[in-house]
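Take this structure first; my questions come after.
Note that the chains take the letters A, B, C, D, E, F, G and H in the order they are written out, and that residue 1 is the start of every chain.
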Amino acid sequence: MNEEVGVFGMFRDIESFLKTEHDVKEKIRDNVNDLEQDARRISTILQGIHQPCSAGSTTKQICHQVKAIFDSVRVCYEKLSLLVGKQQYFKYCSLWQGVTTRFSFYLSLVEFLEFGKLVERQKVADLMGLSVEKSAGFHLELDDYLCGLLLMAGELSRLAVNCVTAGDFKTPIKISKFVYDLEAGFRLLNLKNDFLRKKYDGLKYDSKKIEQVVYDIKIRGLGPKIDEGE
Amino acid sequence: MNEEVGVFGMFRDIESFLKTEHDVKEKIRDNVNDLEQDARRISTILQGIHQPCSAGSTTKQICHQVKAIFDSVRVCYEKLSLLVGKQQYFKYCSLWQGVTTRFSFYLSLVEFLEFGKLVERQKVADLMGLSVEKSAGFHLELDDYLCGLLLMAGELSRLAVNCVTAGDFKTPIKISKFVYDLEAGFRLLNLKNDFLRKKYDGLKYDSKKIEQVVYDIKIRGLGPKIDEGE
Amino acid sequence: MNEEVGVFGMFRDIESFLKTEHDVKEKIRDNVNDLEQDARRISTILQGIHQPCSAGSTTKQICHQVKAIFDSVRVCYEKLSLLVGKQQYFKYCSLWQGVTTRFSFYLSLVEFLEFGKLVERQKVADLMGLSVEKSAGFHLELDDYLCGLLLMAGELSRLAVNCVTAGDFKTPIKISKFVYDLEAGFRLLNLKNDFLRKKYDGLKYDSKKIEQVVYDIKIRGLGPKIDEGE
Amino acid sequence: MNEEVGVFGMFRDIESFLKTEHDVKEKIRDNVNDLEQDARRISTILQGIHQPCSAGSTTKQICHQVKAIFDSVRVCYEKLSLLVGKQQYFKYCSLWQGVTTRFSFYLSLVEFLEFGKLVERQKVADLMGLSVEKSAGFHLELDDYLCGLLLMAGELSRLAVNCVTAGDFKTPIKISKFVYDLEAGFRLLNLKNDFLRKKYDGLKYDSKKIEQVVYDIKIRGLGPKIDEGE
Amino acid sequence: MNEEVGVFGMFRDIESFLKTEHDVKEKIRDNVNDLEQDARRISTILQGIHQPCSAGSTTKQICHQVKAIFDSVRVCYEKLSLLVGKQQYFKYCSLWQGVTTRFSFYLSLVEFLEFGKLVERQKVADLMGLSVEKSAGFHLELDDYLCGLLLMAGELSRLAVNCVTAGDFKTPIKISKFVYDLEAGFRLLNLKNDFLRKKYDGLKYDSKKIEQVVYDIKIRGLGPKIDEGE
Amino acid sequence: MNEEVGVFGMFRDIESFLKTEHDVKEKIRDNVNDLEQDARRISTILQGIHQPCSAGSTTKQICHQVKAIFDSVRVCYEKLSLLVGKQQYFKYCSLWQGVTTRFSFYLSLVEFLEFGKLVERQKVADLMGLSVEKSAGFHLELDDYLCGLLLMAGELSRLAVNCVTAGDFKTPIKISKFVYDLEAGFRLLNLKNDFLRKKYDGLKYDSKKIEQVVYDIKIRGLGPKIDEGE
Amino acid sequence: MEPVQSQYPDSESRKTDILAVFAQFRDELDIRYNLHEQVVKLGRDITVESKKLIFHLHRNNVTTDVLMLDAEKKKTSILKKFHEIAKLLVLEDSLQFIRAYSPGLQEFIEAMSFMQFLKLESQTATSNIHTAVLTLKQVQNILIFPNPAATGDKNEHLTLAVPLVEYLLGLADVTGEAMRMCINCAAESIGSSDLNNSRSYKLCAFVRILYNAFQVCSTQIDSSAGRMKLFKEKLRTMHSSLIKCEDACYTVKVRGQEIPNHLLKTELLTVSSPSYTE
Amino acid sequence: MEPVQSQYPDSESRKTDILAVFAQFRDELDIRYNLHEQVVKLGRDITVESKKLIFHLHRNNVTTDVLMLDAEKKKTSILKKFHEIAKLLVLEDSLQFIRAYSPGLQEFIEAMSFMQFLKLESQTATSNIHTAVLTLKQVQNILIFPNPAATGDKNEHLTLAVPLVEYLLGLADVTGEAMRMCINCAAESIGSSDLNNSRSYKLCAFVRILYNAFQVCSTQIDSSAGRMKLFKEKLRTMHSSLIKCEDACYTVKVRGQEIPNHLLKTELLTVSSPSYTE
């Protein structure tokens, strides 16, 4: 009956292997849960930009608060990175892809709010404590960065509307120019990823909406005077 | 207008990056197609075991022919391995998982036919030119090996039936014992993978079917006498 | 206002063009309805093979009746062919694909019942009054022929069971050999068509069921004696 | 065993036939990819019409650049036409329908920008190197031409908005008249094609939007004086 | 045992019943097609109300032309009514519901244009040659009448905009008051989550749009003087 | 105005409530994992009944071993019960329903093996340390108990087959009578179209299989002589 | 637009008029929706009771007479609910409310045809089993009720619509019940060594007839895409039921063939005494 | 298998025993299923009546006091149905039957929170509008009923379970109603030239609060895949409602900005007399 022992032994090894793997996954999930907690906090803060000015913090304060939370985010990604190891990034990446995309979106938005420009992938990665190189193992996927940009466009179209409601007619015009360039950039890409492609279709819609806001401002002469500069 | 150039430049880089990635995927697909060609050839040869001995090759010959094709299989996996690189195994593994599982199944079956025992994961990996270690990059996933074993159980239940039809009453009893042990092994595992779990439910069914065959043999007194040994 | 007339004139032309096209489609639909009527009649007749012999016609009579209906089928396809024209076969083929596949299935079954062999695509096409060449315009698509073969395998697995119930132990063994060869043939194909591929998966299941029937016959010694020949 | 050889032989022929067909499809896909590359380039150029005049090229220059790219488009369609052959246009047309529709849209837009009138189907076909006759094999489908017109209407509604933003109050009024006639034309059609019908519903929306723009101009007395002519 | 033959007989009856039903349906569809043709003609005529007065017919002429077509509509409904019979109204009503709704919409619009008031359900039914009583078999469903009113509100919001463009500042104010009353009426209803509810949800947008137009007129002092009455 | 802070406070409470709930669920899952571990151990032991007597333990030993593990099971359920509390049984019961059903199955089987009779619901509950009263909070649901009985029937049909293989012709006949009675019992129930109904639908197959075994024994005169009684 | 010059109604009175008609519309809609709700509730009851009736018919442990007597009682109770629906819809076209009671109607048709089969089965030969199928006409006849508010020679009866499609869908489901019974009978036949006269064969023939008929009818129905999908789904289910029946008959037949090939044939005769088959 | 030697029960008595326990099981199941059916029916009534209450609340053509009085009556009538459910489930854990009345409960929560908002709205500032949200506690308090069969100090009250998830789903839907009202208010504000104090702003703020809160909560719920999908779907709907509200407020604001830029400003003062706004 030696045979039997052999088979059983092998399956016991396999079971302990599966157990280990399962535990790793659980730990990853715990970490991702922490990241999602951070993401929720950031999201709640960022909603403040749509509130009438008087009600909440200034944009500056909001950006500051958001960036402060990224200290905790970086620690989480650090831990995740150790857990996952270089080779297994793509094995588990579906677990954190959603939250990573959202962080990328938050950082793109903050960059625009602070500096009025497109955040670079490197900067997003740095603020999350990640690399942009696949070879580094735990990195910021290009798709997640791009998806973050598209989410930002949606948020900006909402912001353009709410700025007007709050009596700010300058920001929508800034947003319009920014999103125009962003759309031109995306037009260069031959997107195969269905999810991104669908989001990209949304960009056209966002862009049209922002153009409508600028139109409403311009036709009523509400925008900044030309000689005011911007 | 420096800004604009910057944005466009960035998106052009991204597009060329996406293009490269897409090309890699196409090449992987070509390789997987070659593997599938081999798999179909092996499958055709292995069907011979269900035919009455006289009509086709002996089991020994069949096993020999199958193993010969693995020379070509190994070359393919070698190429794939170079294409994919260490870090990206899990990024693309869904592309070859199906065919890898089938090869693992074929090798498990051949091992049983030749030696009447359970093939080891290491041996399967060796014959496919792969490692069993994740750290090696391109490797044989445990799940694929296990799935191969379960596919083998299905084929063995069919073989048990066809052996009886061909008048061979010994093999079904061998199969019965082998699958009994295999099932006992699997029972030790706490399977979380839904696909495997579903296949494992099939094992119970195969096992019952084989028991039925042994029953049919025994109640008709067709089986080998106990003192005949096996 | 010449412009306007121009635009309206163009759209009126377009409307009459659309009308013509729509009428063609309606006529095609009427023809396909007639074909489906024939198909239903054949199907009803062919169900007779599953009935206990005493209850219905003999297999020979059934095959004869089925083939008689194909006179009407050929007339229908003739009409369809004239309607559709050479260039537009693929434009409308989804309309008759279902029924063509079923006719192909019926003819494959009849060929097996009469001569115990695999019907050739040319013969199926001839009996339906079609060509096998795409260049001929209205032809029998390869996929439809193959799909017909797979439908036949399903029907044969049912027939094997019902033959035994009716006390006929020879036919199942014939069926078994026939389907074994059919399966071997299909194994050579690299099916990309998802529909066919799914049906092909069903073939393995049919094949297993037929093997089980032969097994039940053999283990009880019910089959034809070897010296009886077949 | 002659029979068996026959069956296998037949299936081997079928497999080589399937392989050839698959290769044709791959080549078609490559060509369509090239067409899509051209389409993206044109799209980028055409976006220029939404920018304030000073920032980009004049409308005239834009139209010129777009038409230049159609030299490459024609070459691609020429190749496609040879690949597909006369009989198989409808077999594969779903592969290039999307991009063909887009080209048709671009050409309709250019015609309006240049001459303020509706492009004829013949002209679109000519610029793409296609026929308008189905009998010619590779041709411009009526549906694709119509769909292109509807896409143009969407773009024009966006253009009307952006013209006002840029201080051009004449073009929106031109657009309004043009789209009014276009809508009247489409109203004559009894569209059965679900896709076109859905797009046509969009036309009503675009039309309403353009009317709104004209309204905004008129109520503010921003439009051209009546005696100015147009 | 009359029944005996009866059962197979029944299924034969069912088959012939289905055939008859199919023919009836085809005839209904033909009739509905004719109705849709009329509806398109009316729609084309009614578009005239959005054009500047000089360009087309007067409202009076338009209303007259529309009502003239209803002679043909009544004939169609007469035929339909005979085809369908008393008992089967609800069996087939989904086939003509769409077009009936549209006619109801056209008549509501005409009534408003002519008399500035809500058309009565009885009047709509009369003009279409229908009853308002369910017991009469072929009748005008309340839902279809209500849905027609909602479609009218949408058209009126468009009319309000185009009136202003054409320099008519009185009509929008009349529309405003009328739609305000209509909304009050609809607010009395307890709707289900069905098609009508969905259409009703759009009413508030129409209402908002009309109010905007009136507002624009008011703040520019373009409306009728108060002492002018209405 | 305590409420004032209260609402945001409420959402904060909800958040912390959700956090707590999540933790409770995790702990429940851990406990259920332990239960599943026990279930797997029992399952492995119970497989012994299908083996020839000589190879493994006697039935008596097997039953003894199984019941010994229930000491650990009871402890687990005790913990679960404390975790869940009286009020929340139905909130979380889907988490342990699967494993509870399996334990109920094991105990029904053991009762039959030991005493040849139907285990009482109270006894199953007692051995698992549960109540049968819903009012007690943590209890054994009737559905789970019944489902366990149906799982037992499936296992008994397998046992009947394997008994014959091992040369035991008495047990299958006992099983036959027992399952016959069980089926009569189940036939009294008015089931819904739920999980239980689906399982119950399988009972007839088990019953048929057992009857086949008994038949095989009978026609070969292998069963106990009539005068032997049972 | 040039407004038509005419006497526009006075604004206030128009508003009052509109509110008045819409108040009527509201009442009309409320009445219809309430009626719908009431019918839905009765329909649910019918579904539940029909299901119970079907379970009852599977209980062959009581003698058939008693079984049928109880079944008739249950049927009467269900018909009362239908009568209530008919009374509710006396002024309406019941077709307009068919969706409200369609699930109940289908389940009822299933129960009725199963019951009719069981009643006629014993006196009907397998080759004649098609006469045991409940016809559409029979269903329609069951659903005719006296009208309590009948006036003279008109409206003497209340009827409920039974569209062909509902009938077919109800009939389709009876194959599922027949299949269950077919397998149970196969088990019983094997258990009682009564392999040649198994009721399984009759049930299988019944299912085969229904399948063949439904196949022909269902592909001819000119229906909505959703309905079409439902029919295809039913057809698949019926096919798999038929296969299960055929497999059950096959098992019985194959077992029956086992005897002559064994030496123990003679011994069998003593063993398979009636006392054994309980 | 070596059978354990022990006193097997006598065959006949075992059968009788089994039938006896199964008869009990049947009764237990029948009672439960009947209870479920009764609760489902009451739940349907609650859904219908709650929907009517919501429609009623949109009818701002009557004075608010009258409106609220009628609303209270409707609420009382709905609570009676809940009371009936509670009485039916007095011996049961209402959580076990939650699926039977969950749609009604959610619609009721929607109606109640809409009603509460309308009650408090006028006396609450936009910046404080979060105080108008109906809390879970409040819902739970509404669903406490006297127990007619109360014995001494125990069982004095009947309560129905209101799981957090049901509360959130009900609350989510109120954004739809608030959105409808927000757009209606925008239209009214523009119509009455009262652009600065539009109720739209308040309603938009209300929807924004609910959306933000729901977003945070819903992503934390540890639920089944089906439920998760439902939450995501609701979140999408809420987002689109919020966008619609924001767009409505935007329109109001943009219109409000139109005035100063026109020469006609002075003329406006004479035109926008109250008589104009009906």
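One rule holds in what follows: a residue touches a chain if its C-beta (ideal position, glycine included) is under 8 Å from a C-beta of that chain, and two chains touch if they have at least 3 such contacts.
Bear in mind that the values here come from a model prediction, so they are computed numbers and not experimental data.
Visitor: Touching chain E and chain G alike: which chains?
Guide: Both chain E and chain G are touched by H, going by the contact rule given at the top.
Visitor: Using the touch rule from the top, work out which pair, F-H or A-D, shares more C-beta pairs.
Guide: F-H
Visitor: Test of understanding: which option in D-E, A-B or A-D shares over half of the contact pairs of C-D, residue numbers taken as the match?
Guide: Interface equivalent to C-D, from the options D-E, A-B or A-D: A-B.
Visitor: Suppose each chain is reduced to the average of its Cα coordinates; what separation in Å results between chain C and chain G?
Guide: Computed from C-alpha means, the inter-chain centre distance equals 33 Å.
Visitor: With chain centres taken as the means of their Cα atoms, state the distance from chain B to chain C in Å.
Guide: 34
Visitor: Specify, in ascending order, the residues of chain G that touch 2 or more different other chains.
Guide: Within chain G, the residues that touch at least two other chains are 11, 33, 216, 220, 258.
Visitor: Where in chain F do residues touch two or more other chains at once?
Guide: 50, 162, 177, 184, 188-191, 216, 220
Visitor: How do the chains pair up in terms of touching? List each pair.
Guide: A-B, A-D, A-H, B-C, B-F, C-D, C-G, D-E, E-G, E-H, F-G, F-H, G-H
Visitor: Which residues of chain B touch chain F in the complex?
Guide: Listed in rising order, the residues of chain B that touch chain F are 180, 183-184, 187-188, 190, 208, 211-212, 214-215, 218-219.
Visitor: Residue numbers of chain H touching chain A in their complex, please.
Guide: Per the touch definition, chain H meets chain A at residues 127, 208, 212, 215-216, 219-220, 243, 246-247, 249-250, 253-254, 257-258, 261.
Visitor: Hey, which residues of chain H end up touching chain E in the complex?
Guide: Answer in residue numbers: 51-52, 55, 58-59, 61, 180, 183-184, 186-188, 190-191, 193, 248, 251, 255, 258-259, 262, 264, 267-268, 270-273, 275-276, 278.
Visitor: Provide the residue numbers of chain A that touch chain H in the complex, in ascending order.
Guide: Residue list for chain A touching chain H: 36, 40, 43-44, 47, 50-51, 54-55, 158, 161-162, 164-165, 167, 213, 216, 220-222.
Visitor: Considering the complex alone, what residue numbers of chain D touch chain C?
Guide: 3-4, 6-8, 10-12, 14-15, 17-19, 22, 86-91, 93, 117-118, 120, 134-135, 137, 142, 146, 181-182, 184-186, 188-192
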